Amino acid sequence: MPLVHAVNVTKSFHHNEVLKGIDLDVERGQVVCLLGPSGSGKTTFLRCINQLESIDGGRIWVDDKLMGYDERNGKLYRLKNKEIAAQRREIGMVFQRFNLFPHMTALENIIEAPLQVRREAKKAARERAMKLLDRVGLADRCDAYPAQLSGGQQQRVAIARALAMQPKLMLFDEPTSALDPELVGEVLAVMRELALEGMTMIVVTHEMSFAREVADTVVFMDAGVVVESGPPKDVIGNPQHPRTQAFLARLRSEHEHL
Amino acid sequence: MTSDAQSRPQDAVAGRPGRIDAVPVRHPGRWVAIGVIAVLVGMLVHLLVTNKAFDWSFVFQAMNQQPVISGFLKGTLLVTALSMVVGVGGGVLLAVMRLSDNPILSGVSWVFTWFFRSIPRYILLFSMGTLGILFPQGLSFGVPFDWKLMEWFGLSGDLRFLNLDANQVFTGLVAGVIGLGLSEAAYMAEIARAGMLSVDKGQAEAAQALGMSSGKVMRRVVLPQAMRVIVPPTGNETIAMLKDTSLLVAVPVIGELFYQLQSIGTTYYKTFPIAVAATLYYLAATSVLMIGQYFLERHFGRGFGTKAPRGPRAARPAGAGGA
Amino acid sequence: AAGCGSNSLENGGSSSPSSGPSSAPSSGPASADAELAAALPAKIKAAGKIVVGTDATYRPNEFLQGGKTVVGMDVDLFNAVAQKFGVTVEWQPATFNTIITGVQGGKYDVGVSSFTINAERKKQVNMVSYFSAGTLWATAKGNPKGVKADQACGKTVSVQTGTTQQLDDLPIRQKKCKDAGQPPIKELPRDKQDQATADLVSGKSDAMLADSPVVLDAIKQTNGQLEQLGEIYDAAPYGYVIPKADTQFAQAVTKALQELNADGTYKSILQKWNNDSGAITDYAVNP
Amino acid sequence: MTSDAQSRPQDAVAGRPGRIDAVPVRHPGRWVAIGVIAVLVGMLVHLLVTNKAFDWSFVFQAMNQQPVISGFLKGTLLVTALSMVVGVGGGVLLAVMRLSDNPILSGVSWVFTWFFRSIPRYILLFSMGTLGILFPQGLSFGVPFDWKLMEWFGLSGDLRFLNLDANQVFTGLVAGVIGLGLSEAAYMAEIARAGMLSVDKGQAEAAQALGMSSGKVMRRVVLPQAMRVIVPPTGNETIAMLKDTSLLVAVPVIGELFYQLQSIGTTYYKTFPIAVAATLYYLAATSVLMIGQYFLERHFGRGFGTKAPRGPRAARPAGAGGA
Amino acid sequence: MPLVHAVNVTKSFHHNEVLKGIDLDVERGQVVCLLGPSGSGKTTFLRCINQLESIDGGRIWVDDKLMGYDERNGKLYRLKNKEIAAQRREIGMVFQRFNLFPHMTALENIIEAPLQVRREAKKAARERAMKLLDRVGLADRCDAYPAQLSGGQQQRVAIARALAMQPKLMLFDEPTSALDPELVGEVLAVMRELALEGMTMIVVTHEMSFAREVADTVVFMDAGVVVESGPPKDVIGNPQHPRTQAFLARLRSEHEHL
């Protein structure tokens, strides 16, 4: 059974139905890239997976656990905040705008959750954090505050922070779209390596080269439904659906002269 | 501007222009303002030095009285500190309640704020004093924490200053601290709420996504950042509280700076020097508080680029995290 | 221009003697005296009025009526004095502890606010004696707690903060209680005299001590809820506060008081306020 | 959690899951808190209704006295309004000075703030009253604008309420308004400074790049945005000022709510009902102010997404302009 | 003589020399694209042109006026703030983060400077603003606040706002780099049109297709000096300097799979 198993997920804001029945399975070790125009519901879907938004219908299982609810005797019981927090620990999330804690150094950002949530020993947490920082190439910047780091560096720290909780699943929401074109590469490199090491990942991205190279499956969403999905060479290389074709054409047009 | 157009080509021909060493703009208006201020300051100093109404030797004598010093330390500083502890704690609690989804909690918080912001502190303290006399037990049951604090204080009072009898301290000061603290909590609630709202939502979400409980999110991520916005108005509040301790007389508590000074003033019929003495004490306390505020602001401003960054490269505006 | 709101309260109040507008001389046989007028300081002469600072929260000597008019025994009496000088009085309500400073600084020409004459005050300003007040005790009607002024140990006693009763009188009694091994007097000090009286009326305290005119008036005002306890003691003169520079004017004020006493105005004013027990005849500067 | 794992495959087989209709989480602790609050409110209401100390009929009679009403309108409300005008204007000026490059201006602003935050308002008002007598001309020259205001007020006073003579209005109230205004300016300076600092630097630069002068940049771009941060603490300040008008007696000005009520209390020896009456007036005024604050916040919050956006599409977080 | 004539411009922050003697001429009607790695001083140079930063050395003339100074008898006099403001009116600037005034609607943003600075009549200013909004395709959104507009829409309003002052020169500082890839096109289209109409423009951008197509001259900056400049087909198509080559290679690597 897949690590992520989402069935018929629906979600509305007020009367605006943003997700209209999304199905998605992600096997352990797989990388899924989510594409789609702005407003298609990609971010909302990621947030539903780790319960930053509660869903209106359908079910999401991660690692065989029903997210956000307990099902007993055919009835759903909303989990307590504490239990939801526990479920979230298994899932790392990286945001478009990094969302590092600005009042903590890079190192403090990384050890915060292990210390506060998993109650690890300070020394052990620091050692592991330094290893993670080293892995994302920032061991020398451990004492820098986020404001003293470039965007690419901040995003790499954010990835390390998520990894520090040793999650089973990583969610990335446009992790490079707030970065200078030059700094995109360093973040994608870290993500590529993570994929190679077998981390299960769902990545919302506009970086086609990354999707082509790293993704096992590419999912194209539009207006709250999955329009097309499959291996990257099909969905990106030879899209079937006219909406996918139009979207990719629009993206391409700006870069063809390079 | 036509002269520029003419000078340019010649200049360009005459080799590459070097350092700019320009005559700065004159601001005559600004200098006039500075002059006016200087004259006013001069007048003030002249007044201070020459006007006999100040009676400086009496001022310093009055300031050096033992009851005055002890009133300043215990009545003014300690009550300010305790009231602000109650006020800040209560204010944060009220702000959290106000922002909660539960309409009852949020409504209660609103009503509390509305009521305690409206009631003058003098009247509140007067009522607290009356309540204290009516139900001395009731009060002590209601706020065990404060009693603990006061017990500790009572001990230190016995050890250091012997001029207030314990009975008076326990009834009066507790009522005073509770009254001032409740009133302050209502003001602090608004300040804390504004501070919490100023923290980017992405911060709380990032913390939640790491599996932190809502309490942890508040304590470790939201509040420390909210402090940047909370500290400056709290400085204002603390300074105001410092002076509002003089309202303790309504409780009544008389072991407080202003009352003690006034009673000297009444004895020697020197009102103005007494006012000067009080002002000097408050100036001193305010100065210390402002220094404290400076360091607090610096502490909570860390990582926000309010000072020159220590790293080799400043943040890009587009890349600054959720700040 | 009537505006909204009423101008009087239904309950109580009927017994408060009314007086004319504060700045107008009260009616009576008093009339201006050219010799006295000559002694007026130049500033008063030029203005044609005496600016008086008073704490109008001390019933019955000086208090506010109708929200802006200062009335009371001190007011009537000093208005009569001013009339002798042929000038009017402008009564400026102030807080008690700012009045002497205000007189010294020229803010007020005179301070009239039940100032008890004592050595410290005499050092600062000229004091002209015009009345004798002492300390008096009061309790609830029938003295249910059985308080006696000399045996108040263990009882709750109302007193206004900063008064001579609180600062001088009670400490001596406290010491006596302590020496006798009895429980101390429970002092209930209040910022304002009316609060202290209210505490006694409402039963929060067992007794009250204050200046005699105040206590006599409170007994009268509360329509029999309070009663006098013992007699007036520690009598001391009240004095008008006049700047040290205006000694000549102060002397003239004593003369005016003597004239008022002679023509009966003095007595009738004191009687009007139920205070003729405090009348004096030896008006003097810095007695 | 093992039950989940077992229930899942069956569930998945049994067709596509539909709407979630879950049993919500119970919050017993929250209900206990609400219960405690309900009991406290009940006790308070019981106290209010049954306790004779309140003497409601006297309270309303006292509130309905003509001098009290006029004291509320003129002494309390009008002085609050005028003092806040002086305070906000002065505070903004001080904040601009403080943030200026000129060290003298910035230093003067700091010293002013330090001094006027330290001096108790009661003492300040007493000194203002004294100064007013000593140099009436000097003062009127110093603040022509205030005199203008008071002139206007004097006229309106003559037209509407006839119970204070002009002389008293001009000396007392002017001194009171100046004293309270100067003190308020010191507090407002900190608030305004925090507000201005909260506006993104890019905003001022965009305005400069359009060729706006620095005054225009401040008035049209920086201040309107700073108001979002300035208004809530200014609400606190205004409500505090409302009650600090009771200090006017130090000037002395007696045409003010609290003094007038107290003078009734002096006559009838009913202290507590007087306190209740004052509280009711202040509650009413505070309520009106809080409503005003709500609308001000809404006005200055326009375009900041504090309410639901009216457009078809909400802003993208990354795309929100310099906000 | 060129519209922009910058000679030997130097600028330091504290002891960090950010511009080390920049020369640049822009003829009337020309479009110059400025390329260069992060931190090379592109933004700083644009800001020096309209005196948002004062320069330490060299001179900048725009439309034959010496920016920021008055030169009389061989001596430089710093201009008053008012005079500098007057000079800025001739130069429109578009920022990376849009910097629309959030408390004003799109229309109010545009008419603000004409009303306040040029004291135009309200009616005339509104009419011209509506024409500009129409030109950037946003006439129907005139009453929207910036927060209610997408990034691309905000940037188009920002361009209209700058144009409302009828500038002789337009400066663009990475106008599309804070935008979703999909929204980049709509902003570049407006800029392309502007170039066709003969507006003199200096554009800092990472959009190579735009630079290739629209620029008359491409200037590559690095570490505060101009490394290479010339027509786009040379600088982009066939860079001579190794630093230019490295930079372009880095940019390209992320997009080659598209």
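Labels for the chains are A, B, C, D and E, by order of writing; each one numbers its residues from 1.
We take it that a residue touches a chain if its C-beta (ideal position, glycine included) is under 8 Å from a C-beta of that chain, and two chains touch if they have at least 3 such contacts.
A quick map from chain label to UniProt name: A, E = Amino acid ABC transporter ATP-binding protein; B, D = Amino acid ABC transporter permease.
Predicted model, so just to flag it, every value in this text is computed and none were measured.
The chains that touch both chain C and chain E are B, D. Averaged C-alpha coordinates put the centre of chain A at 82 Å from the centre of chain C.
Taking the mean of the C-alpha atoms as each chain's centre, chain C and chain D sit 40 Å apart. The distance from the centre of chain A to the centre of chain D, with each centre set as the mean of the Cα atoms, comes to 45 Å. Shown for chain D are the residues that touch two or more other chains, namely 126, 130, 202, 271-272, 313, 316-318. Chain A has residues 38, 81, 97, 150, 177-178, 180 in contact with two or more other chains. For chain C, residues touching at least two other chains, in rising order: 98, 101, 105, 195. You'll find the chains touch as A-B, A-D, A-E, B-C, B-D, B-E, C-D, D-E. Against chain E, the residues of chain B that register as touching in their complex are 1, 3-5, 7-9, 11-12, 16-25, 313, 316-318.
Those residues of chain E that touch chain A in the complex are listed here as 37-38, 150, 177-178, 180-185, 188, 206-209, 212-213, 247, 250-258. Residues 1, 5, 7-8, 10, 38-39, 54-59, 61, 64-66, 69-72, 75-81, 96-97, 177-178 of chain E touch chain B in their complex.
Every residue of chain D that touches chain B in the complex is listed here, in rising order: 27, 30, 33-34, 37, 102, 104-105, 108, 114-115, 117-123, 126-127, 130, 187, 190-191, 193-194, 198, 202, 229, 232-233, 235-236, 239-240, 243, 246, 258, 271-272, 275, 278-279, 282-283, 285-287, 290, 317.
The touching residues of chain D, when paired with chain C in their complex, are 53, 58, 61-62, 64-71, 126, 129-130, 133-134, 160-164, 249-250, 252, 254-255, 259-260, 262-272.
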